[in-house]
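What follows is a group of structures, each given as structure tokens.
Two complexes come next, and they have one chain in common, chain A, joined by chain B in the first and chain C in the second.
== the complex of A and B ==
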């Protein structure tokens, strides 16, 4: 009993172990089902095959190259989306005229959804990088804009007035009052935007497909190689998990706590 | 004033038509307003639009209902025990990250092109996100509340229906809204790849013939449908639960 408690205590304290351990039974179960031959092996390969295909794709250099392609596309698209989205959001949030003009259009274009743009983008730009980048920028842009607007609007008007009566210029109010005040919402927008952008990237790579993880998976599907599809899914899941867990969640936690929006309890 | 939001959209239409006329944009690049409206009328008259919309909706409804029916009980069951919920959290997060589009290749291999594969994509877009959020919701109910209910003699059923489900409801609703958002995008992507009926297919087919007016009309339909789903179904649901539960932050 004591031993169990000790093991449990160690388990509960180690964050790394806690996030890895749950996957062990899943992988074991997966291996057992695959070995049992319940499904044809071709449609349901085991973990060992996926690991060996990981090895061979890394060795051939395909996986690192595709991974780099996908990540660079997402990074470029996201950067462009943020560079456009945050200023636009501040503008729409601050000016009631801009708000009345643009808000319904923003909501509408957000509702159309990234992927629905693919067919017409393919006509405009053909199968290529421009199309994929456009889709990602579009996808990241709207959650960022909409959340920035919400954030800007959430800054109480008295704060503006206080800063103004203390002699702050417009630019300074934006920089020192509005932006910090809107920061928690902006971060949420960035996180949502990246989440959607990531999915849009995969879809675009599948449909437009010249390289990238989405293309790897869809190419494997054409060749009927379930192993490589599973490998692609695992790489995608791991990569995003790492980005979300190590980058986005800490940033969100820091800003939200720094701005004291959450009363931590228990 | 209720329809004040229409003014900017009307302006957008005028701007669109103006640009197309002024620069004499080729209809192969971007269609005029009239062409799109005619394409819309055509597709309603020959029954293709209702067919595609019905096809898409059937998939969304079947996939979502299946997912909700399984995800909510599972999430509640896992959320009840802190040890179990902290064990499953990383797994669920991993799978909600993959939710939707990433399953398209394997779903089409397992189920073939068609209804099964797309419904499966929608199912798991909703399933993992809702399970994860339900678990979070149940796990975030303060233990003293559950102890109080137990001390007052609540049985398992009363505990479930009067403490756990109501307490987790705001999270569940948020999960449904997020999950459906992913599912809707997944649907369009999957229909472009893997079927012969549905809105995504309608768009992709039109691309083959450079029929931009059909594409633009399809995009507008997709946008309007999602706005309707979101505004008439999801947002009121969310508002009702959050207001009803008063965004309770346990002090």
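== the complex of A and C ==
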């Protein structure tokens, strides 16, 4: 008993293992069900088959290539979405005139989901990168804009006043006060935007794609390879975890958490 | 001479809930000389914060004018430094960056900004925490930063809006003594708004009693400096002045 506790203590202390630990029972259950022969193996492969499929797809270079395609598409689309969304959010948040003009349109277009654009985009741009990029930018844009507006409005008026009475110009106030003050909400917007963007990308790749993780999964369906479909699903989950835990959380930790704007991250 | 002059100042709001105009400040005229320390004291709702916000340029006046060094003020500006009740430090800037903010906005070189900021932080004994963020400081330390952030910009007038109201009583006494010491050393012009009668008398050369948006009284405070609570708390003249101001404040 003591030994078990000690081993558990060792695992609990290690951060990397701690994030893996919750998955151990899930994988174990999966393996047991697969081994039991309850379902035909072709329809319900076990973890071992998925791992060996992972190995072979990496070996053939297909998985790394598709993964890179998907990640680059998301990165490019997200960068464009942020470059458009943050300035637009600041404008709408600061100017009541811009708010009155743009807010109804923002809500209207937000409601037309990413996938709802695909039919018309396919007619306009065909089965290509333009269509995929449009969908991602569109998907990333709205959560970023709406959260940035929220963040800008949440900066207390006393902060503006303090900066003004210290001689800051309007432009300096935007840069030195409004943007950092809106940071917690902007990060939330980026997180939501990337999350939705990632899903939209996979969906777009399934319909439009010639490469990418979404294409890999849909192509596997055509070939009847459940192993590769499962592998694709696992890769999606893992990749998102990595982006959140290795990129977003550290950014939060050195900014908004250090500033005392939020008390805990992750 | 950078005198601050208020002439027949008034402020009327439209209160959408009451559906009527509310007068916050009425025909206030006041002269503050360079290097003077003036306290404005009154009950809550007497218009003292509205008055200060107008001098700071945060809200427009309804009538009358505000002159600084003979020129009418127009909006907020670095010639009038403000210390806020809620401190209003920038949480995303270190203590040093907060204090250096004003000089930086004036376009001084980085090294000069840092030198000024460190000098002022040393003035209030905060040289050690220069690299920390405001959230990591106690309330008393935060407001010390608030005071020197405004001072480091070398304003013509320092406007203070109940700056010590949200710190504990012991810290408040220390901060009040520090402020009188800084005033003696540097002689900034200060307009200090408070509801605390003893604070008003302890700090100022002159106490202005505000009641229902009007100046009710101006009382000179000829107490010697440097002032310290240990001595003044038992001082007959201090007690008598405080009593006099309190009676005015409580008079309807």
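Details
Following the convention adopted for this analysis, the second predicted complex is superposed on the first by the 252 of 266 C-alpha atoms of A that agree within 3 Å, B and C clash if a C-alpha of one lies under 4 Å from a C-alpha of the other, contacts with A are read in each partner's own complex, and residues count from 1 in each chain.
Definition applied: a residue touches a chain if its C-beta (ideal position, glycine included) is under 8 Å from a C-beta of that chain, and two chains touch if they have at least 3 such contacts.
As the structure is a computational prediction, the values presented were derived from the model and not from experiment.
If you put the two complexes together on chain A, you find that chain B and chain C both fit without a clash. Within the superposed three-chain model, A:91 lies out of touch with both chain B and chain C [touch as defined at top]. Look at A:172: by the touch rule set out above, it reaches chain C but stays clear of chain B.
In the superposition on chain A, A:115 makes contact with chain B only, while chain C stays out of contact range.
Residue contacts after overlaying the shared chain place A:153 against neither chain B nor chain C. Legend: residue contacts after superposition of the two complexes on their common chain; A:251 is shown touching neither chain B nor chain C. With both structures placed on the common chain, the touch criterion links A:218 to chain B but leaves chain C unconnected. Touch counts on chain A: comparing chain C and chain B, the chain ahead is B. No C-alpha atom of chain B lies closer than 15 Å to one of chain C in the superposed arrangement.
Common to the chain B-facing and chain C-facing surfaces of chain A is no residue whatsoever.
Those residues of chain A lying in contact with chain B across their complex are 12, 18-23, 26, 43, 100-105, 107-109, 111-120, 122-124, 196, 199-200, 202-203, 206-207, 217-218, 220-221, 224, 226, 229-230, 232-233, 236-238, 240-241, 244-245, 263, 265-266. For chain A in complex with chain C, the touching residues are 156, 158-159, 161-169, 172, 176-177, 180-181, 183, 255, 258-261. Interface of chain C with chain A (complex): residues 56-58, 75-78, 80-82, 84, 86, 88-93, 101-102, 105-106, 133-136, 149-150, 153. On chain B, the positions that touch chain A within their shared complex are 4-6, 8-9, 11-12, 28-29, 86-91, 93-95, 97-98, 100-106, 108-110, 142, 181-182, 184-186, 188-189, 192-193, 199-200, 203-204, 206-207, 210, 212, 215-216, 218-220, 222-224, 226-227, 230, 249-251.
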